[in-house]
Every structure is written in structure tokens, then in C-alpha cells.
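Each remark here refers to the structure printed beneath this line.
First chain written, first letter: the chains are A, B and C, and each begins at residue 1.
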Amino acid sequence: MSRKKIDWLQYYANPHNFMNLAQRVHLPLWGLAILALAYGLFLSFNAPADYQQGSSVRIMFIHVPAAWLSLFTYSFIAGASLIALIFRHPLGHVAARAAAPIGAIFTLATLITGSLWGQPIWGTWWVWDARLTSVLVLFFLYLGYMAIWRAIESPDQAAKMAAILALVGSVNVPIVKFSVDWWNTLHQPASVSRFARPAIHPDILYPLLTMGGAFFILFFALLVTRVQAEILEQRLRARYRGNLNG
Amino acid sequence: MPPTTKSLVSDSRSNGLDARECTVYRGGHLLIEDVSFNVSGGAALWLKGKNGSGKTSLLRAMAGLIPLADGQITLDEEELRECELHYIGHQDGLKARASVYENLEFYAALFEAPHLALKSQRKQEITRILKDLSLTSKVDAYVTDLSAGQKRRLALARLLIAPRPVWLLDEPLTALDDQGRDYLYKIIDKHCAGGGIVIAASHEPLDCATQSLTLGQATPTQSDGDS
Amino acid sequence: MRAYWAIFSQDIIMAWRLGNTSLAVAFLFIAVTLLPFGVGPELALLKRIAPGLLWVILILTMLLSLDRLFQSDLEDGSFDQLLLLNHAFEVIILTKILAHYFAIIIPVAIFLPIAGLMLNIDASALPGLALSILLAGPALSALGAIGAALSASVQRSGLLTALIVMPLYVPILIFGASVIGEPSSGLNWSSLGVLAAISLATMMLSPFAVAASLRGAER
């Protein structure tokens, strides 16, 4: 790793410096996110309807990017936790903690849109297909991660435990994916059709990638907002404690 | 005969226990800053200070249970946390649903004291220790059935099972009655006579201490003699 | 060596005296008894779901009892003493994990055939089922220890520990339940191999995560 990169990390370890960056970047990020989402939605509504599934296939344009982001966010949490542990970078813990609810929402959105998408096809609100089941387990990973932050009183200790959990969980994610896929092949009943995936046609790929990009930008916009809020809250708490002590 | 503690005074190049510029954080806050002191072999240091001044944290940092943010603590040039020592904290370290004998036997095995390898040796030694502690009648009683003072005495018994040069004691006088205190002073004196070092944090005066250190002031003062 | 044996045997004896072993076995029979009230006593149905169900009950038993794994050691200050020893703390943790395996999982595995017969399980499936549990057991203890260690300083952390450990157990449950296939086919030996491999890997790796968590836990 070049010295320059480490200096950059060190620079933003100071919350004051980060806040300066955040304030500059905050509004443009949100503006970009909203524009990208609008464009993506526009493309999605104008994409060709699937001959078999009709207009409801358009839910895929939310479902698939949400699934991508739910996985990306967990990797982000694991990466931030690793940096925080190895380099003792305090903002790493803050970023990971801030990202968790965002990832959980993306995961929940994946599950709900998956259910809505599948209902007309399967005739039931939930099936235990490989992808939905993996995402459901991922949802529990998020819940556990958020719960541990809340349960431990000492913030330093909570940060350390959450970081360890994030790393252990990140090793677990591919194992879960592999074993759930395998499990699904074991129990494949002949009658239930597989979760129909439309062929990747350029008319579909382009809106999909755009929505993916939009969600990506949205993630960072939300993250910057939440980290700012977290830093401000810490300052408030410190000031409150100072006032209490006279 | 159990072996005597490692004699520090006789070692000519020994400069005892040396602590330099120790800094400890707790819960993100600076608790102890730049504390330095020296304890030579055969001495007992009384660690004083108000509640929250960091006595427990300093002892735990010396034992290596929590990290030292800055500074160094050495025993004869070796890192203290790497050396063999006894630490008795607020908790007793005793299994509640095990008998007095079982608890001591567990520690005998845990410390792998060479003179206690045989069961017969252990029985003899544990019986002797319990007699000194006036716990013979409770030898098969579960720890939950002991009084607080008896539990504390039993926790102190650990010190005698395996000889170690340094003893770190956190509030050892708590819950001890006069007889218990006399016994504690006796074993501390014996330990120091053999060249061992004792560092004890205590609210109450420690009669056997040869020097004291007060935490929680602007600059820690180290005074010789008891206050 | 004496130290490790002392830790191992004391943990097993304490698990027994604190009632953890008995509770685990009792829960097995509680769950098995409740099931027919829920799904009906039809024997063919019970026979079909028995192997997978027994695995799920084992997982639930672990999830509900793991929070107690390190609780007493943390509360009475034993971990301080263990940390002070000359021995590597990670190896001590591994010893405790193995003690948990012998104290909790093996007793459940012993009583499992009886529970299985209550569910009209195919008798030929019993050896495979028991073997799958015995091979996967170390992994269950090792991964459960991670959850127990992370939430060790939290009071009444039962549900928190269950939440943390559940995603870790999903792959083990999948492979464990797959050992018993259709009654006609034999044991799924590759699944057994996977379970054994997972157990070895988790036994080697989890002590590091557990030790890191316990060192940071506030007493």
C-alpha cells in the first residue's frame, strides 16, 4: 500500500476533516442519487414487458439491484470493520455501523419485491428458492450485526465485537450461498417451476444496470448522511457529559 | 517442602519491578497518565486512590489483562505481563458449584506446580493450606455455601499453591475479618521475606506495606513508609 | 497437559452440576412431545419428517443454551486466571469447546435414538443420524462459542446469541439433514465428509475469534 493512501486514510480518521468533506459532498450526492433513480425508473417503465409475466416483471428492476446492493453493503461493512481493526481507524467502525440499516433495508426490499414478483407466478407469497432463502439468511446476518451494537453498553467494546462478527459473517456468506444452492437442488420438486429469470436482453440489461448504479449512489448518499449524524450525535453526547460535570 | 519464591534481592543485577510512564484508558477515557514507580524485591507497595482513580485498571494492565496505552512495566528487564504472577481481583475466581477442595485442586493442576504432581502431594498441601486458613471444616462444602469472608480467604489460598515472584492484589482486605487479615499479613510478610513483590490496591491502610503510591492526583507521589 | 485436562474435566463437571446437560436432553424430549400436538399423530407423517426435525431440534437446543457457555467463567473471574497462564489462550478455548461438545452434544446424541423412535423414525436411519450429529457436533460447539463470546458481557443474552449464531448454523443444518436421504438409499457419505471437514476447520479457526472477543469483554 503506498504511503499516500495511508495518509489519506489517516486524514479522514479525524472526524473534523471528514465532516468538511461530507458537507461539501452531501448535497451533490443526493442530487445525483435522485436523478439517477428517476432516470432508472423511467427506463424501467419503458422497458419491454415480458410476454409471459406481463408488466409485473418490472419489479425485477428493483428486486435485482436491491439484491446486488444488499450483498455489496455487507462486503462494505466487512471491509470497513477490517480497516477499523487493523488500522485502528475510528471512522471504520462508524461507517460500518451506519451502513448496516441501509443494507438491511435493501435486503428487506429484495425479499418483499421477490415475494411480490413471484406471487402471480407461483400462486403463493413465498417460496423457498435458493436466492430468496440465501437473502433471508443474509437478513438475519444484518439483524445480528445491528443487535450487537445495541446490546453492548461500552461503545469501544461494541465496536470490536461488531467488527469480529462482521468478519466472521463475511466468511459465512459464500458458505451459506453455496450450501443453500446445493440444498435447493436436493429438494427440487418436479412440479414447481424455477424462479423464472428473463433472458438478459440489452433492453433489459440497460435499465437494470442503471437502477443498480442509482442504488449504488443512493447507498453512499445515505451513508454520508448517517455518518454525519453519528458524528454529530457523539459530539452532542460529549458536550452533554461535559455540561453535567460542570 | 514447597520451594521458596524466586529470590530477587540476592540477584545482584535485579532492579525489581519498574514501571515507566504508564498510561491506561478505560471506556475511551484517559484514566491513568504517565505513572512511574519502582518496587524492589522484598517490598510491598500500597496502591491508594479514590474510587475510579484507576487502581484496578493499573493492576489489570500490569497483569496484562488490559492493554497499556503507553509506557512499560518490567520485572528484571522482562515485560511484567510475560512473567509469572498472581493476580487476585474483585472476583474470587472460584467455581460456585464445586467444593473447596475441588477448587484448590483445580488450581493446583492449572498452575502445574511441580511439587503437586501427585494426588497425595496435593492432598497434603491443600489440607495444610486449609488448616492455615481455618477452612478445614468446609473442605467438602460447595463454595456457594461459604460466607463472604470464607470465600475471600479461599481466593487468597491461590497465592500459596504455586510460588510466583509478583503478587497483584485488588482490595484484598475486603470481607476479611481480623483473623483473615492477620493471615493475609502473615503470608505477605513471608512472601516479601523471600524476595517477592506485592502490589495491593486498598481503601484501608495496608499494615504490611513498605511504600505507597497514590493515584488520581495531578502527579502521583511515591512515599516510603505507611501513612 | 495437566492444565488442559483440568479445564476440560472441570467444564464437563460444571455443565452437569449446573444442569446444562440435563436441560439439553429435557428440551429434546419437550420438543418431540409437542410436535404431534401440532401436526397430528399420523405415523407416516412423523416418520418422514423425523430425521430433519431432530436436526432442527438439536440446532434449537444449541441456540437456546449457548449463552450460558461462557457466562459463569466471565462472572466469577475465571477467564482472568486463564489469561494469566503460560498457555496459549486459544488452545484453552479449544479445550472448552471440546468440553462443551462432550458435555452437551454427546448426551443429546445418546438420547436421540429414543426421541427418534417416539417419532416413528426408520430404525435404519438412526446410525446415520447419530453419526451426522457426532461429526457435526464440534462445529456446532465451535461456532456457538463465537456467538457466546461476542455476547458474553451482555446480561440475558440468550436471544442475541441465537440471532448471531443462527446464520452460522444454516450450512451445518443443511448438510446434517442431508445425510439421511430417502429410506431406500443409504447414507449420504459425501455429506458426512463435508460435516467432518467443517468441524475440523471451525475447531481450528473459531478459537481465534472467540479469544479476541473474550479478551475485549468487560467483566
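Going forward, contacts are C-beta pairs under 8 Å (C-beta built on N, C-alpha and C of every residue); 3 or more make two chains touch, one makes a residue touch a chain.
These figures come from a predicted structure and were not determined experimentally.
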item	value
Centre-most chain, if every chain is reduced to its averaged C-alpha atoms	C
Chain whose Cα centroid lies at the greatest distance from that of chain A	B
Approximate Å spacing (C-alpha centroids) for the pair chain A, chain B	50
CA centroid of chain A to CA centroid of chain C, Å	31
For chain B paired with chain C, centre-to-centre distance based on mean C-alpha positions, whole Å	38
Junction residues of chain A, two or more chains touched	154
In the complex with chain A, residue positions of chain C that touch it	146, 150-151, 153-154, 157, 160, 163-164, 166-168, 170-171, 174-175, 178, 209, 212-213, 216-218
Contact footprint of chain B on chain A as seen in their complex	154-156
Interfacial residue positions of chain B with respect to chain A in the complex	27-28
For the chain C and chain B complex, residues of the former touching the latter	2-3, 5-7, 10, 13-14, 17-18, 72, 75-78, 80-86, 219
Chain B to chain C touching residues, read off their complex	63-65, 84-85, 87, 89-98, 102, 106-107, 109-112, 117
